[in-house]
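Look at the two complexes coming up: subunit A is in both, with subunit B in one and subunit C in the other.
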Partner chain A sequence: MKLKRPPKSQWEQAGIVTILVVICVVIALLEPRFLSRSNLLNVLRLSAILALATYGQAVVIIGGGIDLSIGSIAAMVSVLSAMMTSTLGIIPGFVIGVLVGAALGGINGVLISQFRVPAFIATFGMLVYAEGIANYISKGAPIEFMPEGFGFLGSGYIGPIPVPIIIAVMMFILVHLLLNRTKLGRCLFAIGGNDRATWLSGVDVGKYRISSYVSSGVLTGLAALVLTSRINSGQANIAPSLPFDTIAAVAIGGISLYGGEGKLIQAVLGATIISVINNALNLINVSTYVQMMVMGGVILIAVSFDNLRRSGSKKSLLVRAGEISGLEPPK
Partner chain B sequence: MKAIIKNYWSSLGIPIIIAFLFIFFSIISTNFATADNIRNIMRQASMLMLASFGQTFAVISGGLDISVGSIVALASVVTAMGTLKGGILLGCLAGCVCGALLGATSGFFIAWFRVNPIIATIGMMSLARGLAFFLTDGIPITGLPKGFAWIGSGYLWFIPVPVVIALLILGLLYFLLSETVFGRNTFAFGGNEESARLAGINVKLYKLLAYMASGLLAGIAAIVISSRANSGQATLGYGLTLESIASVVIGGTRLFSGEGSVTRAFMGAIVITILGTGMDLAGISPYIRQITLGVIIVIAVMLSKIRSHKGGY
Partner chain C sequence: MKGIVKSFPGVLALDNVDFELRAGEVHALLGENGAGKSTLIKILSGAHPRDGGEIFLEEHPIEIRNPSHANSIGIRTIYQEMNLVPTLTVAENIYLGRLPRTPFGGIVKKKDLIHDVVDVLNALNIDLNPKLLVRDLTVAQKQIVEIAKALSQKTKILIMDEPTSTLTSHEIENLFALVRNLKSKGVGIIYISHRLEEIDLIGDRVTVMRDGKKMKTLFVADTNHDELIQLMIGRRLEEKYPKRQTSLGDEILKVEHLTLGGAFEDITFRLHRGEILGVMGVVGSGTEAIAHSIAGALSYDSGEKYIAGVKVEIHSPQDAIQNRLGLLPEDRKGLGLVLKLSVKANITLANLDAISKKGWLNLAEEEALSRRYIEKLNIVAPSSSTRTENLSGGNQQKVVLAKWLCKKADILLCIEPTRGVDIGARVEIYSLMNELAREGGALVIFSSDLDEVLGMCDRIIVVSKGRLVAELPRNEFSREKVISYAFGELSHASAEKAEGNPLTQNRAQG
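Take a look at the complex of A and B:
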């Protein structure tokens, strides 16, 4: 079924690409080091990692939810996979990492759909207690001394291309097919647009919701594995700002935070912009503190802008009131 | 029968929990039930109470304030700087204004640009924390005048000053929220914005005011906390956000429903403080404490949904 889109969506995409190009040009002028081969490869690697996590966030947001727990799911996956790698080997370690991500995502999904906990609270809670668990298990210290070959996922190459990029592209294809060619995808778009109506038409909203959060967990787990591999150690604080970065990426990319619409390429563009900005700030030697401030500002501005753009959409009074008052989703 | 239990639980539930926790921790740790520790608990609880009162405003408006801890950090730095420049009074004023301004900024984005409150306050969280570190490079601001420490560590007769402040503000807010037009209007739109707007209430303004109040109370909390630490630090307030949400939720307030109660936040803060202090004294890892808080929040929200039977789709 075709859902309502904001007008001129092709123009919007062209607009975002333009913004990305402009930002890159400005940075290159200010700091020529940006264009160095090693730096560009680094940016591509990091944006591939962020893109993986952003795919997950995009899937959840399209389905009408949100996932604030991404940073702590990454923490758990990083710590557990590193620990398991030390004892069981690299492949089992990675597999366990993905499974942990799926399991945590599943917990989120069940809490949200079966127990009616609002998505913000369930995932915020997971953000808090999963970080605690990850820290507790790792005793607050990084897990080092990984076996040879562990770093392949994060730092290796297949031919001339860094592995993370290959993974990001592969997952892009997979998730794109999932969103646009499967029942799960189509139902997620419907649920995000109007979950009550979708439920009334007989769709098992709960099942698909849980699936979206499991997908997010798996994709976050992948991102965490690549990152863990890159720094060759498992840490609880591997990606503390990940949930915020992914939300900012989704918003900048132009996907509505209300759900019901979105193209995966927007997630890629958003993730790239965020990574480029982060990299630029690093290059200009701006302190971490200012980076935090900038990211905070970016989130506020990006989402405001997005809302302003969308204020013309004619959602029914009932649906709007429901959104604003935070009515819970049906089972 | 169920109805009777529900009724009693609503009013007696939390005092029962407080008593239970108190007894529990006294058994586990010998030095829990000492006069010293109780005074300490009262002091700690007062600081959390102030932050929780602010969080209550955000909850009444139908959202949440994730930036509480970070506002405390920045307000603490501003207070210290102001005190060094122009005396304690100026410092405190600066801290309050800082908190109020930050809250108003969040409120502005939430009300006028319809940014989701949680996302907006997350943005503010990064902004405020970053600015606090930027101003101080992470180094505490010390050398504050002698009188400053009295606010956080002193006594009025035999009562710790923070307790007096918290109780005074509790009384003020209770009156404000239940007896004034401002209070009535503040409660009006959290549950159903559209009907409040149709009733003629300036929803945008009140939303902004709610977050401004939250920021202001965070600023006041910052003054007390900085005074206790006798310095302004950008590292303060970590965990305060979480604890303030936990206090509100354990107090029995339902989230995203336009309800809230400063008295419930008051009692919730006592529970959370006893829990935290008790765990510390018993030598339980701070990570376990974090896990407990997160789980408590989720479970409490779950229970409140079950209790309310809301949303019969």
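Take a look at the complex of A and C:
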């Protein structure tokens, strides 16, 4: 007899919101500056940037993959868009940035789906490779002296609202629709849930898998553009911890790292929690090393809880492991 | 076990159930999927806590805390879902957790291990190389390893959950010999099966459950199938294999000389509209591989496929679907369904184009389309948004079937279509197959369940060791013939031997 589950995700989400509120209250008590208008705006801006990249990570993870390369994709986008802006102007620079993200994501996708490289290895390779290129073309130095208006994406306002937040909200709606209202999204949930069954149902698993990494590349590209614009310079080491921050955000938000399930709002909540903790650590002025320890600990705890929470999913992994011999793996 | 109560959110899984097992008896547990058999077993084996009632072992009340505690007091369970480590050897799996080790350093003594395991296997009369990796075994062999693992330790109560669902009749005989052997040693055995014939053969008493309640406990000798089925489903089952009128139409599928080295060779057959063809072979004979190859899920070395007389290239499931050919795979959880997705998402998965425009899904249309099939196939689910993992086996299989009906497949290749499906749902699935054939489709049933093939098909092809060895039209069907062909024993003498075999004989009567 199968047991019926209560609607778990809803109170899980409520739980995450509660955790977020508790963290904020504790921080506010420890450090009143946390609640200042400028700091709150700053936190929101950082959350927005992290959320953008986390959307991409979430899309990939829901599709049963993982993207470790996004730190380097961000580096490439940052360096190239800054260089192109200096020569071609702001808008072409930004467009090229997003295209670079898409292209690198596409390479990840092709490696994984056509050459059957495990996602972990392929994107880890891309992480090292793209970081190398980004440093090579920027000669390891920041690209500065950006033209007037370059900072709009990162530091501008539309009315009272910072531009990064507007971009994050717009992309949230877009990606949410993509996941829940399109064939691509449906197929990603199916592939993440059971790629073999999906393949046997005639779905072009390879195409959708590539699409998920392209989406991740584009969203990471956007995040990188906003960040580059905010610091007003193109840098290869713009976001070295981005892969881990986004995976942590996904796990903290409660999206299964096994794939096949999850809601985008969970990615937003996870990204916000991480940004708030980061900001608090900066405010109370602890050393970078302590910050690393705290963030690392949070990530490990979040991922461990994800596994505990989903002990049920292990069964499906076992079923997958017990695949019949002779059946071709899905492309 | 006395007055056992267990509820899950929304369901009362066990309602005041009493169950008694004597030493040295085989007590069969019978019921449809969802009747509460598995829950009862899980409570006894410590996998679920109970909400009420008491358990006595040898007249002492006991608390079974968890599965390892159950193990330590001699209660062993062989589950349908196997708990073996694919990358370890047979021997290592059998002794997992208690491998013989050197006193210092804890290095596994491989020689001792192999020696012990050979003893265990010999005692059970099992012919299996203990050094093989479990990954490389057939499903039936894995099951045997599972049993050997359970029996290599001191056992008072052995729980077998559908142990024969993947075994051939030869292997079933071996298993039964083993069960009788254990019985004579005073082990109490709880035997869960959907196959009434087996209960006749091996059971001493039978307890029938329905909707979480115990219906009755009977001596097997004092009852008959009709009574058991009636207790089980609450009504009389008119016809296990619903009748239909066959009217053969044009040829719809032709397979010629299909060959995959090491798996099957020179497979040639035709299929007509309105026909249900059976492909019968023992486990490991290559029938599954043949089905997968035809459906483009497995590559092949040579051969041709024709659909409606036209040569086609089918090298992927996508190609197959374009030719309106669907595959109902043998492992519905691993290959047939995306368990985390809803019922409706699974039903429409192969036919997303019908509910989308330019890549955008029309959710209302999806609901309407899937609702049609949920009603047509009588899929029992709280709603169309329920995750398929929460459905019973029979309803899950109906969802897989609905997926292909929704895609309007003309040709359906069904591998073990009713494995692990209870009798009620089984008859419904058969009726749906008949309906598809009547509407001009065609089906091929790849099954190791002889009754199913004999009951459902218009024609049977027998495959042995990857080769097509016989083709029998309906008027030549006989259990003995099919069995002797399937085991590659073509002589008349061996056919007689098959008749003398208690298992087949009994089934012929039942």
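Here is the rule we go by: the second predicted complex is superposed on the first by the 309 of 331 C-alpha atoms of A that agree within 3 Å, B and C clash if a C-alpha of one lies under 4 Å from a C-alpha of the other, contacts with A are read in each partner's own complex, and residues count from 1 in each chain.
The rule is short, and it goes like this: a residue touches a chain if its C-beta (ideal position, glycine included) is under 8 Å from a C-beta of that chain, and two chains touch if they have at least 3 such contacts.
Bear in mind the structure is a predicted one, so any value in this text is a computation, not a measurement.
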| item | value |
| --- | --- |
| Subunit B versus subunit C as contact partner of A:Leu257, first or second or both or neither | first |
| Which superposed partner A:Ile247 touches (first subunit B, second subunit C, both, neither) | first |
| Which superposed partner A:Trp199 touches (first subunit B, second subunit C, both, neither) | both |
| Contacts of A:Arg37 with subunit B and subunit C, given as first, second, both or neither | neither |
| Subunit B versus subunit C as contact partner of A:Leu184, first or second or both or neither | second |
| When both partners are placed on the shared chain, which of subunit B and subunit C touches more of subunit A | B |
| Subunit B versus subunit C as contact partner of A:Leu308, first or second or both or neither | first |
| Which superposed partner A:Gln291 touches (first subunit B, second subunit C, both, neither) | first |
| On subunit A, positions contacted by subunit B and by subunit C | 196, 199, 320-321, 324-328, 331 |
| Residues of subunit C defined as touching subunit A within the complex | 8-11, 13, 33-36, 38-39, 81-82, 86, 135-136, 139, 212, 263, 288-289, 292, 295, 297-299, 316-318, 320-321, 327, 329-331, 333-341, 345, 349-350, 352, 356, 359-361, 363, 382, 389-392, 403, 407 |
| Contact footprint of subunit A on subunit B as seen in their complex | 62, 64, 109, 113-116, 118-120, 122-131, 133-134, 190-195, 242, 255-258, 285, 287-295, 297-298, 301-302, 305, 310-311, 313 |
| Subunit C contact footprint on subunit A (complex, rising order) | 1-6, 181-184, 186-187, 189-190, 192-194, 196-204, 260-261, 315-316, 318-328, 331 |
| Residues of subunit A defined as touching subunit B within the complex | 68, 111, 115-118, 120-122, 124-133, 135-136, 140, 196, 199, 241, 244, 247, 257, 287-300, 303-304, 307-308, 311, 317, 320-321, 324-328, 330-331 |
